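Several structures are given next for inspection.
One chain, subunit A, appears in both complexes that follow, with subunit B as partner in the first and subunit C in the second.
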Partner chain A sequence: MKRLLAFMVVGLVLIGSLSARSIGYGLGYYGQTVEAQPQLTSSGVEFSLVYKPWNLAFANPSVIARTSLGTDQGGVYRVPYLQIGFGVDLIRTTRHPFNFLAHNVIAYAPMVGVSYSFNPKRNMSLLALEASPFKLIQKDFWYEVLSPYFFIDMEKGEIDSWGFNIIRFTYFFK
Partner chain B sequence: MKRLCLVLFLVLFLFFTLSCSSTSHMLSPLALDEALTLEEKLLSFDIPKVQVTYPTVYYDGNAWRERLIELIEGAEDYLITSAFLASSSEELEGLYTALVRKAQSGVRVYFVVDGIGPFDMTETRYHLIPLKYLRDSGVHLLEYNPMSAARLVSGINLMYRDHRKFLIIDGKHLAVGGMNLNYISIGAPGEDLQRDSMYEFYSPFLAATMLDHFVEWWNEQSWETIERDDFAVDLQAADGLKAYDAFYLDQHPKSKKMSQLFGSLINEARHEIKVLPFLPFMDKHMIESFRRARERGVNIQMIVPFDKRVSNRKGIEYMAKDLLTMRIDLRIEKESEESRSLLHEKLMIIDDRYVVIGSTNINYRSFNLAYETALVIDSPELAKQVEAHFDELYSSTVPITDEMAESWRTFASYPRFAFGFIGG
Partner chain C sequence: MRKKVLLLSMMIVLALPVFAGYFDVGITIGTNAHLGERNLDPSRLKLAWGSAIGLTDVWELDVQANTQLVPTFVDTTSVSFLLQRALLGQRSSGGQTAGVGINTLIGVGAMISPYTIDGRTTLTHLLVSLTPITVGSPVTGKRERLLAVTLAYNLQTKQVGVLFDLLKFDFYVVGSYKDYR
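And now, the complex of A and B:
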């Protein structure tokens, strides 16, 4: 029964991927502060891969993998995080005041996410929580600005670092 | 080192772009199979057969604009139109006002324009009013793949363009062809007005097929989801009218269907092919397909337009040497007052029987990187009519000779050729 259920879930996901723009990649710019080691505070570009099997109007899930490349306070290039996790678009609506920004009808879809994050320099695993309160989406594109995130040290139970994705564009292949 | 990296990047970019060409399918065993009929081949390529009535042909953009306004004013339920380039201007105010009035009266108006529209570099740029205002009147306006800084992230996908030009009204009236909905296509006076063609049909069968494609495509692009069942078609509406067999292709970028269609058609030719390719930036498979037909003894006439835009002309002239390897009757329009109006028309006539119309240029971009339409009509009557038009154009041409092609093949023209090949 469990195996059948697993096959059904995989099947549904595959059907989703075949019937819509499901796989995408993104490019963004982040800035982040590391509370414990301020010299590792950095900013730079972020790359992401996204898989969204559906286009649900409520609670639309996606799997997101991210990495970034930036310079720290000493001007040294760092990879501050490698991430994999889930995002959920809480709601999708085209009734919002931002339609003037886009060529076509665009939907507002605020997102929250949770990820496993790994900091290679510090060899440290963290829990990442993020929000994209200003996320506008089209069938083939996501536009996100000022998305805050926090990395939580689960062992200490405190915020290790925090930052913003200042801007992020994600394109979905047909 | 930086320069080497840049060159390497450009070479890789061109390699990946060109290696994705579908045109090898023009020479695929199925396209060349002598044992199969053209119909069997096209159906096997999933290119549907439809019935169409005899079309009314418009060669004058202003005449088409006036007819278009009439058709729009007659729309009762829905109207769908798509154009590669579309913008308003003083001359087109009547047309766009008619669209707005219809939308305001409750007729569902769906208007698709390619995202390159605002970057129209023809004479239209001096007469360009963007169409976003249509949305305020209830027109469902969709700009395909808009050009914006953010969308640079989509990389090579920005090259995919929607080049289709068609109209569907109430599931009966429809039109396909090469005319855009901008100043130089249907609004300009004098030499700025392009020479082109639109074919108007009264054909519920073709409308039903086009709607099947349109609804699916629209829902891939827009949040304004539509249902196919909401676009009624009265299949009995053309009862009693003489019908002709036709095949309709709605091509998507990266699809091999356009290559299969043209490969099969060229292979079908027994004695004659007449072609208006518009921008004949052909790759080796396209050239080979025509060359083989010529080798079989098929008489092929191809007319290259005179393009007063120097950049485009130089690019095509660079290509001439390759085109001559087809050993066909390759012609170029003489420079004259008339030819200063660009011949934008796309047409192929095969054996006085098959007429191929639509938005498709006979070139690499149309076959690989664009949404296009092609309608193959099996009608000796129509072939006779459009051949007379072709022959008239032919009378104002001169042959392109080896000497001309050699003199045009200059290194300075190569960038224009390369740009035209990918972007033309």
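And now, the complex of A and C:
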């Protein structure tokens, strides 16, 4: 009986998280340097889809798919990456020095992420590491500023490309 | 030299009443892109930072540094000075009243940059700027400026480039509602 009750409580908690807004889309402004081929250095708009099943105060995970569209140094339109991976909000707190940035109280939730990334132009698979040290969140939104990322060539064991998302907004609609 | 300093001091003191009641200072942070002069400035992503200084209820001075982040991290920086006028009403009410929340800015100015043929940092561009939408005001403490387009005439090459600021935030440290309590 106790075991059944415990299962029911856990089940209710898990179902409860499903009613929270957990699916969102994002728009960002990226710039990226390709060390191996500088002419492919580009900047433009980034699109993302996010699924975050829980709202944990610590180590809150999310699944993130990203792609981007920009122009390279020759003005040619490129899709520099297609990505899928995980992000983890290390902590969520409203006690932080960035509340003056928003009209209402907002939570601070720095994130780190790791993804599989594919560069279609170069037909190349890379490991993507990213950080969002300035990530502020509300119930429906993520606001990220100056988020650096690195693409690592696992075969060579070196940084292939790096860049920033200077600003990114993610809206959770469901 | 002393005469010049004295004259300058008098001018500043005498000019203060013109600004009386409306002075505000905001810290600016946002994005910038320099288009149309790739041969002089190969930057792909720039951080805009600086200050928005309210001079009157409709005029402001924006001092903005644009620092390259990509392709070279923290490389060249340009500094622009824009005298801007609000077109849709008072940019600040100078009191506790929130005032106009949405506005448009138009302005002229100049830019100091290393975007010259020899790479020397000097006065390089004359600027004409339009910010179609601003949301917020100094009184509310925050303002967003969207889609600012600035035509930049290069005095050396006689070319016209474009400065495009997708989004900028102004956080007011002087002249917000907190100062009118």
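We take it that the second predicted complex is superposed on the first by the 156 of 174 C-alpha atoms of A that agree within 3 Å, B and C clash if a C-alpha of one lies under 4 Å from a C-alpha of the other, contacts with A are read in each partner's own complex, and residues count from 1 in each chain.
By our rule, a residue touches a chain if its C-beta (ideal position, glycine included) is under 8 Å from a C-beta of that chain, and two chains touch if they have at least 3 such contacts.
Please read these numbers as outputs of a predicted model, since none were measured by experiment.
Undergrad: So, on subunit A, is it clash or fit between subunit B and subunit C?
TA: fit
Undergrad: According to the stated criteria, A:Pro53 is in contact with first (subunit B), second (subunit C), both, or neither; which is it?
TA: The answer is neither, since A:Pro53 touches no partner chain.
Undergrad: Once the shared chain is lined up, is A:Gly26 touching subunit B (first), subunit C (second), both, or neither of them?
TA: A:Gly26 contacts subunit B only, not subunit C.
Undergrad: Of the two partner chains, subunit B (first) and subunit C (second), which one does A:Ser42 touch, if any: first, second, both, or neither?
TA: In the superposition, A:Ser42 contacts subunit C only.
Undergrad: Taking the superposition as given, does A:His103 touch the first partner, subunit B, the second, subunit C, both, or neither?
TA: both
Undergrad: Counting only touches as set out at the top, which of subunit B and subunit C does A:Gly87 meet: first, second, both, neither?
TA: Once the two structures are laid over each other on A, A:Gly87 reaches no partner at all.
Undergrad: Under the stated touch criterion, which partner chain does A:Tyr171 make contact with: subunit B (first), subunit C (second), both, or neither?
TA: first
Undergrad: Quick one: classify A:Gly163 as touching subunit B (first), subunit C (second), both or neither.
TA: second
Undergrad: In the superposed model, how near does subunit B get to subunit C, counting Cα atoms only, in Å?
TA: Across the overlay, subunit B reaches subunit C at a minimum of 5 Å between C-alpha atoms.
Undergrad: Report, in rising order, the residues of subunit A that make contact with subunit B in one complex and with subunit C in the other.
TA: Subunit A residues touching both partners: 103.
Undergrad: Touching residues of subunit C toward subunit A in the complex: what are they?
TA: Subunit C residues touching subunit A: 29-31, 33, 38, 42, 44-45, 47, 69-72, 140-142, 166-167, 169, 171.
Undergrad: If you look only at subunit A, which of its residues touch subunit C in the complex?
TA: Touching subunit C: residues 29-33, 38, 41-43, 73, 100-101, 103, 145-146, 163-164, 166-167 of subunit A.
Undergrad: Of all residues in subunit B, which touch subunit A in the complex?
TA: 115, 132, 141-143, 146, 148, 150-151, 153-155, 157, 220-224
Undergrad: Can you check the complex and tell me which residues of subunit A touch subunit B?
TA: Listed in rising order, the residues of subunit A that touch subunit B are 20-21, 25-27, 92, 94, 102-107, 138-141, 143, 169-171, 173-174.
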